[in-house]
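First chain written, first letter: the chains are A, B, C and D, and each begins at residue 1.
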Amino acid sequence: MIEFKKVSKRFGQKQVLNELSFHVQRGEILFLLGRSGVGKSVTLRHLVGLVRPDSGEIFVDGREITHLSESEFLEVRRKCGMVFQFPALLDSLNVYENVAFGVRALKIRPGNEERDWVLEKLRLVHLPPSVADLMPAQLSFGMQKKVSLARTLAIHPAYLLFDEPTTSLDPVATRVIHELIHSLSRQLHVTSLVISHDMDGALEYADRILVIDKGQIVAGGTPAQMRQEKHPLVRDFLGGSA
Amino acid sequence: MVTAIGAHTLRILSHPVEIAYFFTQFLKLLARQLGTGRFRFRQTVDQLYSVGVESAGVIFFSIGVVSLILVLEFSFHMKLVLHQDSLVPAFSTVLLIRELGPVVTALLLVSRVGAGLAAEIATMKITDQIDALRLLSIEPFDYLVVPRWIAVWLAAVLLTILSIGVAILGGATIAAIKLGYGFGEYFNSMFTFSHFSDLIGCIIKASVFGNLLPLIACYHGFKAKPGSEGVGMAATSAVVEGSIVVILADFVVTYLFYTL
Amino acid sequence: MMAVLRNSAWSTIGELGKTTMFGCEVVGNLLRYGTPFRGLLLQMYVVGVRSISTTVFTGFFVGAIMAIQIHLQLRDFGAQAFLGGLSASVTLRNVGPLLIAFILSGKVGAYTTAELGTMQVTDQISAIRCLGMDPIRYLVAPRFLAVVVSSFLLLVIGLMTAIGGGALIAALDLGVNTLNYVQNIPTIVTGWSILTGVAKSFVFGVIIAAVSCYRGYTTRNGASGVGENVKSASVQTLVTIIIADFALSNWIGGLMDFCTEVLGW
Amino acid sequence: MADKSVPILEARKVAFRFEGAPRPLFSGIEYALEQGDSVGMLGPTGAGKSVLLKVLAGLFMPTSGAVYFRGVSLKKMKRSQWKAFRRALGMTFQKDGLFDSLSCGDNLKFPLFEVEGLSGKEADSRVEAALESVDLRGQKDLRVYEMSGGMQKRLGLARALLFKPQVLLYDEPTAGLDPITSRNILELLSRQQQGEIQPTVLMVSSQPHQIESLTSGAAFLNDAKLDPPKSWAKAKAEKHTALAQFLSGSLEGPLTAELGDQP
């Protein structure tokens, strides 16, 4: 269970988060929607301690994390696997090394079981074993995103945090990624928090949707509730979709 | 290992053809600009100010310390070989004017101005600004490169001369403190070896460096690969090739000017 | 004008402080965890072997230039016999390490800054942190050690080629017979000069590593940030190397006087 | 007026390969943009749409084949013809290509001075009118980094339209924008097309639904080949082709394999 309580953050004159409060239940797929530049991905970066809030509290499984030291944060980060908008693969290592990087360092799996563990993760993201020896530069953009998802899965996080996973992707790649997020959450009983501005994807794949504007939650509910939602911003988002 | 060296030299050999093309383009555009009177005077002065002032502090400081080192080194060696260090000011000043002054200034300019110029053009390239310029039928080379090129050329010559002045002052003070030389003594014994031709040699070196530096920096800026990796590599190659060329050019000028 | 000079000097001192702290943190990390030997070898190849041709090239010409310059001065003095010893000693003690380190600050230092900077800007470093791992231990420390070791080895190689370069140009052009050029070297180049050269090579290697890793790791705001940090890294390296050169010359000079006078070696 | 039969922009057997890349990004491209057309170019992310657009705009030299402007090959153009070609073209870029060292207004004033030698009051009124046409009135003094994503796209559009081009090339005009800002931009683009003379438009996008209303048809770049443009009706009627899957966004079809997908 993840909970934000009155979290505020200011960058220069811009009040990015303004007493933001929300929670994510165990096992659910929550989409956090909002226009670009309203602080969606900053919310995620708070969760993994890349950014510290000015005020307010953040709880991960009951533990307050805003005042943790860098080393204490390492365990929180193992629990919250983050997948960035751009694949951010280590371009000097091949796909196998990229996925095994975390596993080997954190000694999650002894040497002999490592190969099966990595190939299992590649299978989970629907990638064939033959991809393991390729270099990131040889993969298509969509495949690179899948490898970065496999890398995060490799350390068996309890939560999966997605930072705009389908922005500027074509319709087919978008559906492939959304399908993956949905199947992984169900299969691995992982809680997924997805930052996005793709309302169609949210309506189809989310258990619950929250809409954030000017650093605050302005509307929330199940996809069905959201279709009837009166809030002008939500109507605008809905208007956008076919 | 041999292939690494082979690849490296190959890459260096393929450059001259392209760099020569770059240089001719610069001369052609400079002539056209001067000819049509549309010389970007204001822009060149702005660049001169930013290049000059921005690197002055670092260069004066570094050259000053280098001259301190030189004076100490020569006093050490003179005592060892000639058992008296009356000629220290002469030796250190000559080596400074002929050699270390221009080279150290150039190497500092290569890293500060060279890397900066390459990075700036590379960044503009990957954010499509260079393409935007070309689409507006503004020749990027004409607008971006020519003013900066001239500014770096003038700055290199000016900074070299000024830094040698600073270095001589530094040398005189350390000589006074460490070796017990009076200022007057230092200054009049300073020019026993160096004569006016050394100053000419130094200016020639400075202007050779001042031309090679923007040439290489702009070349790598325009050649940058896409993505932020391209910017880093452009700046790095500008620094690396810039410094190697400075050393090579220094050798050539030294050889031609002094041994013939 | 003065304001620019003052605050640029002030910021450099501030930067030096931060770089040293960062360097200590990385070294502390290395001592506590060490680093996988295979990864270190790979890094040393990427950083070091790639720069051998550049170092040999630079070393040769630095040696040649010094030989010409010193020959010119000695000629007015008719003391060409000392050419071998003097140019080798000056190159070994001072000009050699300084100029070769300048080149390495570009070839090795700026490369590392650009690499780490690109990894920072493309979120690769944040990705490592989000995997619950310390990027200093897995990315920075191996590079730091690789840069220190390869810079040191490259500097030593460079110095040797410099002396070779001096001898070659002396024989080819200055009409000094190579045999007595070489024989003259031990008369002037004392053990202390060699110690100075080696000590400087090691210290310069550490400076190049510390500054380039620090600048790379703290890169901000996108692609232009990478270019900006490569620029400031190479300048900061050069200035620090010059200061260290001055400090080491004095310190070792003092040590030498102490040993010769007090201990009577 | 230029005679109608010759296409305004044409690619004959054009191929492009990045330096050091194992195989070409695309090859054997045959494409003709007629005067007054308004056509889209679709394709999966990373298919090379933007590169092909830049080749057509003469910003990238093709590895083989040639691009023709009104029947004249770009390779054989003299300086004056090249200048005329540039003036006839207006282009917006995926990463906007705004001059981030200049302010919003100066991004327009600078080209006006450089290309038409305009300055002073006349230039200011042209700048004000241009900003007005893209709903950026009064934002003249903003710095580029102070502007939102949507505002930067609009400034890029204003600059592309500055010299009344005959051909407009849009590279992913709504990339990275949220649906609401995207809709504003698309409205702005359609307003440009209501003008008296019908400008020729080529719009690259990976979002078919967004550009459908602005274009009469679309070409499809996929797997290093280009399907020639066809009307939206004909495109939608297709079954079991990569284009059909692309438009429907379904999981079944050849595109999934390209994503290495084996469910």
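Methods note: contacts are C-beta pairs under 8 Å (C-beta built on N, C-alpha and C of every residue); 3 or more make two chains touch, one makes a residue touch a chain.
The structure presented is a predicted model; accordingly, all values stated were derived computationally and were not measured.
Chemist: If you count the C-beta pairs in contact for each pair of chains, which pair comes out on top?
Modeler: If you count contacting C-beta pairs, the leading pair is B-C.
Chemist: Taking each chain's centre as the mean position of its Cα atoms, how many Å separate subunit A from subunit B?
Modeler: Each chain's C-alpha centroid was found; their separation is 49 Å.
Chemist: Taking the mean of the C-alpha atoms as each chain's centre, how many Å separate subunit B from subunit D?
Modeler: Chain centres of subunit B and subunit D, defined by C-alpha means, are spaced 42 Å apart.
Chemist: Between subunit A and subunit D, what is the separation of their C-alpha centroids in Å?
Modeler: Averaging C-alpha atoms per chain gives centres 32 Å apart.
Chemist: Counting only residues that touch at least two other chains, what does the list for subunit A look like?
Modeler: 91, in rising order.
Chemist: Can you pull out the residues of subunit C that are in contact with at least two other chains?
Modeler: Residues 122 of subunit C touch two or more partner chains.
Chemist: Could you pull out the residues of subunit B that touch at least 2 other chains?
Modeler: Residues 126-127, 229 of subunit B each touch two or more of the other chains.
Chemist: For the protein chains shown, what form does their contact graph take: line, ring, star, complete or other?
Modeler: Basically the chains close up into a ring.
Chemist: I'd like to see which chains touch which, written out pair by pair.
Modeler: A-C, A-D, B-C, B-D
Chemist: Which subunit A residues qualify as touching subunit C in the complex?
Modeler: Answer in residue numbers: 48, 50, 70-71, 74-75, 77-78, 80-82, 84, 86, 88-91, 101-102, 105-106, 148, 151-152, 155.
Chemist: Contact residues on subunit C for subunit B in the complex?
Modeler: 1, 4-5, 8-9, 12, 49-50, 52-54, 57-58, 61-62, 64-66, 68-69, 72-73, 76, 79, 82, 85-86, 89-90, 93-95, 98-99, 102-103, 105-107, 110-111, 113-115, 117-118, 121-122, 173-174, 188, 222-224, 226-228, 230-231, 234-235, 237-239, 242-243, 245-246, 249-250, 253
Chemist: If you look only at subunit A, which of its residues touch subunit D in the complex?
Modeler: 34-37, 126-128, 131, 139-143, 146, 167-176, 179, 197, 199, 236-237, 239-242
Chemist: What residues of subunit B sit close enough to touch subunit D in their complex?
Modeler: Going by the criterion above, the answer is residues 126-129, 131-132, 134-138, 143.
Chemist: Please name which positions on subunit C make contact with subunit A in the complex.
Modeler: Where subunit C meets subunit A, its residues are 119, 122-124, 126-134, 138.
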